[in-house]
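Before anything else, here is the set of structures, which you'll find just below.
In the two complexes below, chain A is the common chain; its partner is chain B in one and chain C in the other.
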Partner chain A sequence: MRWASKRPAAAYAEPIPLRPDGQAMETPWFDKRHVSGVRPGDHGWLAYTGPEERDRVIGPFVREGLETNEKVVYITDVPAEHLPGLQPRHRLDVDALVRSGRLRVISRQDACLDRGGAFEPAKMADTIGREVDAAFEQDFRAARVTTDYSWLLHEPGPAGLRRMLGCEHRVGDAVSPSTMAMAVCQIDSRACTPDQLIALRDTHEVLVEVNPEFYDGILKIVRTFDPDGLRVEGELDAARHSVFAEQLSRVRPGGSVHLDMSGLGFIDLGGLHLLAKHATRLPAEASLVLDHLSPNVKSVIETVGWHRLPGLARGRELPETEGIA
Partner chain B sequence: MTLEHKAFLYGGTEDFLSATVPYLESGLEREQAVIAVARAANLSALRDVLAPHGDAILYIDAAGFYEHPVRTLRDYQTLVRESAPRTIRALAEPVWDGWDERQTLEWIRYESLINVVFADSGASALCPYDTETLPPRILNEARRTHPVLHTAGRDAASEEYVDPVAFGSGCDRGMRSHRPAGADYLPIDDSDLHMLRAFVGERAGKHGLTGQQAQNLVTAANEVAANALQHGTPPVGLWIWQDGPDLVCEIGDNGFWRPGPDPLTGFIPPESALQRGFGLWTVRLLVDLMELQAGWDGTFVRLRVQCAAPDAGF
Partner chain C sequence: MITHPAVSAASDDFTHRLLPYAGAGEFLGGAVPFLRAGVEAGDRVVAVCGSGREMLLRDALGRAAADVEFAEAAAWYAHPSRTLADCLGDACEAARQGRRLRLLGEAVWATRPALEVVEWQRAEAVLNVAFRGTGALLMCPYSAALPAAVVAAGRKTHPETVRGARSLRNPGFVSPWTFCEQCDHEPLPPPPGDADTLEIRRPDLFWLRAYVTDCARQTPLPEEDLQRLLVAVTEVVTNALRHGEPPIALRMWTDASDGAAALVCEITDAGRWAPGTGYGLVPPGPDGGASDGGFGLWAVRLLCSIVQIRTGEDGTAVRLRLALPTGATVRR
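Now for the complex of A and B:
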């Protein structure tokens, strides 16, 4: 079990949690990390819902590497200046980064295709191994590798998925024990079925997400993309109303806005007022949907009555089966 | 649509049924939403007599409906709202036994508040008072809180009826009791109330409040403290102490609130969270009792929660 080294030994001594029916519960064994928290040894997974989410994860992943004496390896056929984090608005001298070896943009053909143009998992693993070794010799303190696999799933039949799973296991074997390699594997979640997504996700140890919009030790606000909205964790009180309102106003989808409240343990009454006020500003058909309310927050809302919170809608309930990240 | 709010002073089951049965039946004829809230014995007598009407009447046991005056007002209001466009005709028999002095006063105030909360509801309420078992004081107060009295088959205006605002200020007069010198104190000098919530939550747990009660007290104290920081005058502080089976939490500031709080403050259910008064009304729902006192020495809000198992450790 290659991920064994990631878990504290004590974890194995703990009994496996049981469901009420006596069956062992499947505990997710991966870590969820915001992109700036990704560290060497992480074989990370990003199933993005669109370019905005992708750019807000891969952009910082690429730029933070380039800013801190790390080597960035991007396996893609997209021209460098169109890649997340490298677009002209970021004002990086991409050519200079490539010349100095800090940025390596490697074509699929060179990285992972055989002479006939077919995907070859072993070659991908070799490419990554070679690039990481080179980074070590060039005195980089770490190597960041990323690629988008979505194109592989466009191939008809299950062959693409099977070869991808094989590839991911090899990449995991190359990255996880490393003290300097970190990888983020991207996939467009719209390009595959839920089953495929779960199978692919399960070959990774780390789920990578956007950096929080706000975190002060008490309240954490994270942008979510599927559904569109925010995840709110911790405690929301008067000292944090304005930052929360600001983040809420930045979510501008066509329809309803979802708030994932599962991690919110406290909301003050002014916070409920704020939610209702925001809901009045949404388009007529849209509502502010509260998903996964914790018992504490749900209890306050039920005490005052949902009808006193016009424009707010009850969303999905806790406990929920594990979602697809 | 005005409210009809009558006290019915009766003696014995026969007398009870003689007025309540035609009262409820006339509601059915007028296609009103008809509700009978009564104590168990009266409720089952009504069910027997009114059996031919099937489930046209909603029967509710008073014991479970009259637990907390502000919540009961909220629940009646929900019934009114959910019955619209039909108006409500309710037989409303409160529970008068099992309360201490203070709780009894709040239930009397509740009867007075009915006149304000449902003033424009078009509802009709008949409140039976059992003259054979209730203490004279309760019967006297019924005459002051109900504009109409129904006795001996007739309605008559109550000459002792008192306007709810005047009645409420009478209830609040001189009610603040002593705060013990040994009460735990937390100065509130930071707009970040995270510490306050931890402070209150920890003491609530130690006192033996249930998780839900503790959380409600934390939410209530947080709201009152946020108000004090926003509208009050420093210094702002919180005291918390044990008073028999109750945990009492008081938030005070040095502000001189003039003309002072309206006696109806926080009692009238707001339409929505967007309306003024939503905060204090919710505070009243979350705790067993909220007392407001604005005096020359500052503004004080006292929150009281009774331990779920009062015999534990007292």
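Now for the complex of A and C:
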């Protein structure tokens, strides 16, 4: 069998993040995993909204591989020292990593273009297969592969998307059964239409997101980029006000700040007070938007009165089928 | 303490008058001139009463009745703290528009359980503080047929009494905080010996909410009320951990002694609260209320059916009561 592994993947036996109510996040055919939770067999998908989000996912993906005797394969035309996780500020000896074979930066031409410079899905799948097999021979614990497909969508016509979908199916077929390979496919979500985004996403089993800013088993805070803000899961009370306030103050967008509250099962009065206080510090035209409130939290806010929490805005509602207690 | 919108020249202060009456004639004799004057002055005029009284008033007011908003008393007087907050909001809104709120309000005294009656009486007292500067005009009819204690309390909570066309200073009036202290002289009945008891030592309240949830799930308390209880318990315990003194204990039981089944959750500690501040009875300002120090306890009162507080040399007890659905079976 191709891409076999010499070692079990026990090092990655981390539980899949669940919402506090025990349901897996997102739609049932996906796992959503923070980047440090990606494990062999994951064919991951990252639709980023900007360089910050991309760097905060791909950076750890690359660095954690290099730090733990795994091979990192980056298919790109960007010079290595400009890639996420490899920039000079990370103080890695990129040349030495390349020489030792731990880091492979492969050009598009070598990885997936035919002689005429056109994208060739089969060649991409072959390249990935070859690199993972080599990692196996070289005694690496695992192989991490990543590439940014956005350039394909900049090409005129629908052909780019079609070929990309074909490629993704091949890559997925190759990665998913492997006990050694993990891949994160990147795309700039601004480069494609919502329909394209969904079609591409659906060829992946795992959605990869940033590592949580904070997680202690009771409260989880995750930075979100579209819209700008935080996702808050679990329970928030006085024991965690300060860590929450600190994370909230780090979100500095131009406009409103959104909080995805879908996974928040409890917020105390001090927490609401904290939100209202933060809202008054935002620019005049901006507000603190509470998206996807669970019915329980919503009913508590309504009892207290939205008008007594000025600056807080009601955001998007949860779909009716979700979150019913 | 409370931030109110700028008060217009038309309303330099508010009045809160008792209208004692025996029979429809005396009721109309006080209420009709009051309402009619409001219509003529362009006030926002609201009459809260039963449907029988509404028919009497409409007849007597004639065309002026069209400018009076009538509200059903049972619904309007739904919850002491919520009603007080909503009414204060209306008064402030009217003041902001340069008008006055003029309210004829006959609370539902006869059919309420004794514990709830006390809370309505507190609301009558505390509104004398809360409505300062709103320019609102409040008139409360009290029927002579009411229990003597209710009428007696009414005399303590209204600064003025209506006699015919005149209003007189009410010599029986006491300060709202004195009135509340008098209410608190009545000790709380001790918790039942088999109440679920938990001593609270850890500052992390995640596990405490799990415990309260477990206890509450053995009662017919609806899910939405459970969530309110969890917020209220968290607030009171957080307060005790910050400002109180150990030991801090939580007790839960169900109680139907008042004629209305309730889940009771009591938090006790050895500390003593500073006297005379009403403990969250006065609503914080309608804007920016969350920045007010009294926000927490006031919100606790909104979240629960009844909040009873006793504080003194023996420590402090905060008893949160949530009404259980009528007809439901109670565990104990």
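What we mean here is this: the second predicted complex is superposed on the first by the 291 of 325 C-alpha atoms of A that agree within 3 Å, B and C clash if a C-alpha of one lies under 4 Å from a C-alpha of the other, contacts with A are read in each partner's own complex, and residues count from 1 in each chain.
The rule is simple: a contact is a pair of C-beta atoms (placed from the backbone, for glycine too) under 8 Å apart; a residue touches a chain by one contact, two chains touch by 3 or more.
The structure displayed is predicted, hence computed values, not measured ones.
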Exercise for the section: Look at where chain B and chain C land on chain A after superposing the complexes, then choose clash or fit. Expected result: clash
Handout entry: First (chain B), second (chain C), both or neither touched by A:Glu64
Key = neither
Exercise for the section: Check whether A:Glu213 is in contact with chain B, with chain C, with both or with neither, and answer first, second, both or neither. Expected result: neither
Practice task
Scan A:Leu272 for contacts with chain B and chain C and give back first, second, both or neither.
Solution key: both
Practice task
Applying the touch criterion given at the start, work out whether A:Arg308 contacts chain B, chain C, both or neither, answering first, second, both or neither.
Solution key: both
Practice task
State whether A:Asp202 touches chain B only (first), chain C only (second), both chains, or neither.
Solution key: neither
Problem - Overlapping contact positions on chain A, where the chain C interface meets the chain B interface - result: 218, 235, 237-239, 266, 268-270, 272-273, 276-277, 280, 296, 299-300, 303-305, 307-310
Practice task
Write out the stretch or stretches of chain A touching chain B in their complex.
Solution key: 218, 235, 237-239, 266, 268-270, 272-273, 275-277, 280, 296, 299-300, 303-305, 307-310
Practice task
Could you please specify the touching residues of chain B with respect to chain A in the complex?
Solution key: 74, 78, 81, 191-194, 197, 212, 215-216, 218-219, 222-223, 226, 229-230, 270-274, 278-279, 282-283, 285-286
Problem - chain A residues within the chain C interface of the complex - result: 218, 235, 237-239, 266-270, 272-273, 276-277, 280, 295-297, 299-300, 303-305, 307-310, 325
Exercise for the section: Could you please specify the touching residues of chain C with respect to chain A in the complex? Expected result: 82, 85, 89, 203-206, 209, 223-224, 227-228, 230-231, 234-235, 238, 241-242, 284, 286-291, 295-296, 299-300, 302-303
